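For reference, chains read A, B and C in written order, and residue numbers begin at 1 within each chain.
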Amino acid sequence: MTSLIFKSITKTVSPILMIFSLYLLLRGHQMPGGGFIAGLMTSAGLVLIYLAYGCDFFDWHKRSRFFYYLFSGGLALSFLTGLAGLFIGGTFLKSGVAHVEMPFIHESWEFASAGIFDIGVYLVVCGVCVSLMTLLGEEE
Amino acid sequence: MTHLLVLPILIPLGTAIVLLLLRANPMGRRIVIGISGLSILVADIVLLTSIYQKGIHSYQVGGWSAPFGIVMVGDLLSGIMLVLASVISLSALSYSFGYLKKEAQQALFHPLFFFMWAGTNGAFLTGDIFNLFVMFEVMLMSIYALLVMLGEKKQIEAGFKLISMGLFTSALFLAAAGGIYAFAGTLNMADLALKIKPHVDHPLVSAIAMMFIGVFGLKAAMMPFHFWLPDVHSAAPTPISAMLSGILIKVGVYAIIRVFCLIFVDLQGYFQGFILTMACITMFVGALGAVAQTDIKRLLAYSSVSQIGYILMGVGFFTVGGMSAALFYIISHGVIKSSLFLAAGILKKMRGSTEMSDHGDMINTSPAFTTIFFIGVISLGGIPPSGGFFMKFQLIKAGLDGAFYIPVIVAFMVSLMTLFYLFRSWQKICLSGPPQGNPLARPSVKLLIPVGILAMLCLVLGLAASPVSGLTQAAAEQLFSPELYIRAVMGAM
Amino acid sequence: MIEWIHPALVFFATAALVPFVKGKGKSILLIGFPALAFFSLMLFPDGNYGVFTIGGFEVVFGRVDKLSRVFAYVFTLMGSVGMVYALHVKQKGQHIAALIYGGGALGSIFAGDLLSLFVFWEIMAFSSVFLVWYGGEKSWANGLRYLMVHTFGGLCLLGGIVIFAGQTGSIAFNAIPASGLGGWLILIGFLINAGAPPLHAWLPDAYPVGSITGTIFLSSFTTKTAVYVLARGFAGTEVLMWVGVIMALYGVVYAMLENNIRKLLAYHIISQVGFMVAGIGVGTELAINGAVAHAFAHILYKALLMMGMGSVIFMTGKRKGTELGGLYRTMPLTFGLFMVGGFSISGVPFLSGFISKSMVISGAAAAHYPFVVLLLTLAAAGTFLSTTLKLPYAVFMGEDKGIKAADPPGNMLLGMGLAAFICILLGVMPNLLYQLLPFPVDYHPYTAEHLLGSFQLLLATLLGFTLFLYKLHPENTISVDTDWVYRKGVVWFQQLKNPLQGIKVLRYKDFLQGLTLFSRQVSQRIQSGYLKHALVMIISFVMLSTLLFSLFKGWTLSLDSLMQTDLTLSQLLVFVLIISSTLATVLFKSRIAAVLSLGMTGFFVAFFYVLMGAPDLALTQYLVEAVSVILILLAFYYLPAYFEEKTAPASKMTDIAVSLLVGIVMTFYMLMVMDSHLTKSIASYYLEMSEKLAGGRNVVNVVIVDFRGFDTMFEIAVFSIAALGIFGMLKLNKKKAPIQREAALNGSLKREQIEEAVQREVTSK
C-alpha cells in the first residue's frame, strides 16, 4: 500500500481533509455538517496517513495514550456542557444562544452552547476511530 | 429539588468520565468511586421517598417540553428498580476491589462499570422510547466490553454470542421504534400511549408490541431468547455476573412492564396467553438446564433464566397482585442471585475453577462461606423465613386469585426442581469431602463482606416483607393507572 | 413484663448460644434450656399469645391450649432427654440443627394460624435434614431425597393454605374440612410428614442413615408434629381412620422383613403413627385422647428404642441384625433398657405403651368400628413380634458372634435411663399423662379385662415366635389367628417385597437421577452451543410471532403506498447495485472480499442519499463506510484467530428459509408502516422551532445536539465504551508480551525497567 503515488496523494489530501473537517464542525449548527461527520472526516485523514506511512510518520503507539485522553476529554467536554446548563438554571443539557458582536468585521455571530457539545462529539469520534486503528494496527 | 430525578444518571456518567481521566491515579479513582457510589445510593433512596410522597416526577432534559424533547420520568417502579440497582451495584463494586487484583484491570473495569450503571439507571428513568434504545446500547456495549476485557477464549466466544444476538435485537428495536414513530409521530412514551389508544386494534400496533417483547425478552433472557445468558454469565467477571443476574436482566422485564402498562395497555389481554406460556416454558427450561449443570456459575445462570420465568408469570397475570408479586420477586431475586454469584466468585478465586467437582469441604474451610451460601440457597429455594419464601408465596397467591391454575402448577413443579439443584450444589460444595489437589486457602474477608451483606439483606427481606410488599403494592397500583404517568409527563406541557 | 415465653424461642436461643460455649457450660446449656422450656410451659395459662398482623392476616405464634400443651411437654422433655444422650457429640452443628429442629416443631405446635405453621414446618424440614446428613457421606443422597419429599409436602401445604385462605378469607388454623382442593392439599401435606403410605418412603429411607443421636430427634418430632396438626385440623375425618390402619399394618409388615436394625424401627414409626392417625380418624374424645396419649408415650419409648439401637451401632459399628448377636453379655445395661422400650411399644402392662395403645383401640371399639379394632390389634401383635422379640433376639440374644463391645458412655446410658424411667412412670401412674390430655379422661386401663386381653395376646405371640423360631415347620399351627396371618403374611409379603421395592425405587430413588439425566439431554438439545442455532431460533421465533400477532388482528396486505412511489431510472439502478453487492457479500468465500463488497453496499446507499437530496447524510454514510471497512480489514489482518469457530452442521435450507422469512416479514412490516400514518409527527415542530429556539438552521444537527442531545451524550459514551472494550481485549491480555503490555498501560516505562523485565523473562526461561 505504501506506494509513492499513494504517499503523494495522501500528502495533499489529508491536510485538506483536516481543514475541511474543522470547517464542517464549526458550521455544523447552521449548515450541513456537525461534530460526528467532522470527527469521521478527521479520522479518515489520519487513517490515510497511517496507511500510507505506517508507523514511520510519527510514532503512533507512543500516542495511544493521547487518543485515549482525546475521547475521554471529549466525553468530559460534552458532559460539562450539559452540566453547565444545569447550573445556569435550566435543566441538564439546556442550551443557550448568544449573539456576539465580533470585533473588526462588525458582524453579529451566533454562538450556541450546543456547539461546544458538538466539539465534544467531534473529539470522541476522532479519538475513538484513531485509537481503534492504532490498537488494531499495533499487533504488527 | 427538581434535578433529583436525573442525578441517578448523571452521577454515574460523570463518575465514569472522571475515572477515565484518572487512569494513572489509582488512589484518586478509589476515592471517586467511594464517594459517588454512596451518593448514588443516597440519591436513589431520596428519590424513591420523594416519589412515594409526592407522586410521579418528571424532568425535561434540555428544557424541551414533553413530546418534543427527551423526558425523564420517575414513578414508584423506577424508584424501586433504582434502589435495587444501587444496592447490588455497590456490593459488586466493593467486591471488585478484592476480585480484580491488577491495577490495570481496575482502571478499565470501573469506568465501564459506571457506564453500565448509568445506562441501567437511564433505562429505568427514561420516558422516551428511542432514549430507551440508546440506554440499551450503553448496557449492551459495556457488558460486551467488560466481558472481553478478560480476553480469554471463553470470554471472547461468549462476547461474540452476546454481541451477535444483541445486534440483531438492536436492529429489531430500531425497526420497531421507527415503525411506532411513523405510526404515531412521536417517541415519548406517554404521548405514544395517548396517540395509540384509539387505534389499538391496528395490526401494526400488535406487530410492534410483539417486536418489543422480542427485544426486551432477549434482555430479560426469556425463552427462546435466553441463549446468550448461560455463556455470558459464566464467562463474565464475577461482579458483572452478579450485576447481570441481579439487575441487568431485570431491565428487560422492566421494559416489558413499562410498555405493556403504558403504551399497549389495551393489548394486555391479547398478549396475556402468550406471555404466560412463554413464562412457563422459560421457568421449566431454565430449571432443566440448571439441573443438568456441573458448573456452579452456569447452574446459577440457568437458574436466573428460570427465575425470570417466574417474574414474567407475575407480570403476565396483569393484575395488581401479580404485578406486585413480580416486583417483590425482582427485588428479592436480585439480592439473592447476586449474593450467590458473588459467592461463586469466591470459589473461583480459591481454586480457579467453578466446576462443582473441584470444590468441597467448605464447611470446614470456611463456615462463614457455608452459611452465606446456605442463606442464598434457602432464599432462592423459597424457604421461610427468608425473603425468597414471600416472593414465591405472593406470586402463587396472585396466580390462584386470578385463577391461573396451569402456571401455578408449573411454578410448583419448577420450585421443587429449584430446590433440588440448589441443595445438590450446596451439598457438593460445602459438605462433600475435600477435593483433590492443592489444599484450600481460606476465602478472603474482603470478598466475604459484600456477599455477607447481601445475604443479610435476603433475610431482612423476609422479616421486612410487609413494608416492602406494601411498596410494591403501591407501585403496582400506580402501574395500573397509566393516566397518572401520562398526566405527570404531558401535564407539564 | 413478659407476656409469654415461646418455647421455640428458647430452643432457637440455645442454638444461637451453642457455638460460644465449651465443656461443662455446653452440657448445662444443652440440657438446661430445653428443660427450662419444659417448665416455662407450666407458668402460663391457656390463651393466644404473640398475635401479629402481617399483610392483612392475623398471625398467632402462641396458641396455648391443652392439645398444644401436651405435645409441647413431650417435645421439650424429649429435647432434654435426647440432649443428654447426645452430649458426647463433638460436632456443634448437630446440636444446633437438633435445637432448631425442635424449635421448629414447637413453633408448629403453637402456631395458631396456617401461615406461621407453614413457616415453622419448613424450618423443621430444613434443619432436620442436617441430622440425616451428619450420618456421614453415605447419607447425602438420602438426605437430599428426604428434603425433596418434604419440600414437595411443604409446597402442597402452601398451595392448600393459599387456596383455603382464598376461599374462607382466614388463615386461622382450626378444623379444616377435608373437601375442596385446598383442604385436600393441606391434608396431603400433613400426611407426607406423618409418613402415610404411599408417601412414606422418605422415612425408612432417611432415618436409618442419619447420625446416631440425630435419629433420636428425627423419630420424635416430625411425625408427631404431623399427628398434632391432624388432630387439630382433621379430627374425625373418616378417611384418616383407614389410612391409619393401613399405616399400622404396612409398617409392621415391613418391619418384620427388615434386617437393618434402625430401618426396622423406622418402619415401626409408621406403624405406631398409624395408631394415632386411626385414633384421630375415629374422632371421638376417647380416640383422640388415645391418639395424643399414644403420641406422648410413643415419642419416649421410640426414642428409647432408637437410643438402644444407636448405642449398639455406636459401639459395634454394625447395622444389620444378621451381623449382630449375643450382645446381652457385653452390653447388659443397654439390653435391659432396650427391653423396657420394647415392652412399652408392645403394650405390656405397667409400661407406657399399654395405657395409650389400649386407649386408641378402646376408642375405636366405643365408636363401633370392629374391623378397625381387629386390624389394630393385629398390628399390635406384630409390633410385639418384631420389636420386642425378633429384634432383641437377633441383636442381644441369638448366636454369639463374638463381637467386642461394651455399654456406651455414661451420658448415653443416662439418656436411655431417663427415657425408660418415664416409660415406667407413665405405666404405673397413668393419671400423670391423662390429666394432660385435651379431653377429660374417664378411662381406666388397669381393668381385669384389659390386662387379661393383652397378656393373652402377648403370650400367644410369644408362643408363636418361639415355635416359629425353633421348629421351622409350617404345619405346626397355633390356635392364635393373628400369628397365623402373620406367618402366612410373611411368606406372602416376602414374595411381594421385591416387586414392591422395585416400584418404590423406581418412583423415588432413581427419580432424581433420572431428572438429572433427562435435563442434561434436553438442555443439550436446546442449548447446542452453536451461535447459529440460537440465532435461527431467535430470529424465526420473533419474525413468525410478529407476523402471526398482526395477522390475528386482521392485517391485510396493501400495496397502495408502494404503487404511488415514483421510481426514476437512476434510483432503480442504485437499487440493483445495492442488492447485487449485498448478494456478493453473502456469496464471497474470502472474508476480505466480503467486507469490501459490504462496503460497496454502504457506498451505494450513500449514493442513494445523494439522489434523494440529502448530501450531508450521504457524506456521513460514506465516511462511516470508509472508516469501518478499514477498521474491519485491519481487524481481519492483525487479529489472531482467538477461537475456532464452532460451525453448526451445514444446512443451507434452514439458512435460506430464515433469510426469506426475515425478508418477507420485514418487507410486509415496512409496507404496513408506510400505509399507516396517524397524526402529524413531531418532526414539524423541529422544523419550525429549530432556528427560533435553538439558534440553528441545520435541523439535523440541532436535533442531534440539542433537542435530543441526551441521546447523543450516551451515543458517544457507547462509542467510547467500544473503544475501551477493544483496548481491554488487546492490551490487558497479551500473555506473550508482558513488557509491552505494562508499557502500554503505564505510559512508557523507563529504559532500565524494560531491560530489567527482559532480564527477568530470560532468566525465568
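Note that a residue touches a chain if its C-beta (ideal position, glycine included) is under 8 Å from a C-beta of that chain, and two chains touch if they have at least 3 such contacts.
Just so we're clear, the structure is a prediction, and the values are computed from it rather than from any experiment.
Enquirer: Tell me, please, which two chains come out on top when C-beta pairs in contact are counted per chain pair.
Expert: B-C
Enquirer: Taking all protein C-alpha atoms shown, work out their mean, then name the chain whose own C-alpha mean is nearest to it.
Expert: Centre-most chain by C-alpha means: B.
Enquirer: Measuring between Cα centroids, which chain is at the maximum distance from chain B?
Expert: Relative to chain B, the chain whose C-alpha centre sits farthest away is A.
Enquirer: Counting in whole Å, what is the centre-to-centre distance of chain B and chain C, each centre being its mean C-alpha position?
Expert: That gives a centre separation of 25 Å.
Enquirer: List the centre-to-centre spacing of chain A and chain B in whole Å, with centres computed as mean CA coordinates.
Expert: 37
Enquirer: Which whole number of Å gives the spacing of the CA centres of chain A and chain C?
Expert: Roughly 61 Å, centre to centre.
Enquirer: Out of chain A, which residues touch more than one other chain, so two or more?
Expert: 68, 72, 75, 79, 82, 92-93, 95
Enquirer: Chain C: which residues touch two or more other chains?
Expert: 706, 709-710, 713, 717, 720, 722, 726-727, 730-731, 747
Enquirer: Please set out, as single numbers or ranges, the residues of chain B touching at least two other chains.
Expert: Those would be 13, 20, 61-62.
Enquirer: Which residues, counting only chain C, touch chain B once they are in their complex?
Expert: Chain C reaches chain B through residues 54-55, 93, 118-119, 122-123, 126, 133, 137, 140, 143-144, 147-148, 151-152, 155, 158-159, 162-163, 166, 512, 515-516, 518-520, 522-524, 526-527, 529, 531, 534-535, 537-539, 541-542, 545-547, 549-555, 642-643, 646, 666, 669, 672-674, 676-683, 685-686, 689, 706-711, 713-715, 717-718, 720-722, 724-733, 741, 745-747.
Enquirer: Considering only the defined contacts, which chain C positions touch chain A in the complex?
Expert: Chain C reaches chain A through residues 615-616, 619-620, 623-624, 626-627, 630-631, 634-635, 638-640, 694-698, 700-702, 704-706, 709-710, 712-713, 716-717, 719-720, 722-723, 726-727, 730-731, 744, 747-748.
Enquirer: In their shared complex, at which residues does chain B touch chain A?
Expert: 2-3, 6, 10, 13-14, 17-18, 20-21, 23, 59-63
Enquirer: Residues of chain B touching chain C in their complex?
Expert: For chain B paired with chain C, touching residues are 13, 16, 20, 24, 61-62, 64, 67-70, 102, 104-105, 107-108, 111-112, 115, 118-119, 122, 130-131, 134-135, 137-138, 141-142, 144-146, 148-153, 156-157, 160-161, 164-165, 168, 172, 175, 178-179, 181-187, 195, 199, 201-207, 209-211, 213-214, 218, 224-225, 227-228, 230-231, 270-271, 274, 285, 287-292, 302, 363, 378, 381, 383-385, 389, 393, 396-397, 400-401, 408, 412, 415-417, 419-420, 423-424, 427, 431-433, 465-466, 469.
Enquirer: In the complex of these two chains, what residues of chain A are touching chain B?
Expert: My answer: residues 68-69, 72-73, 75-76, 79, 82-83, 85-86, 90-95.
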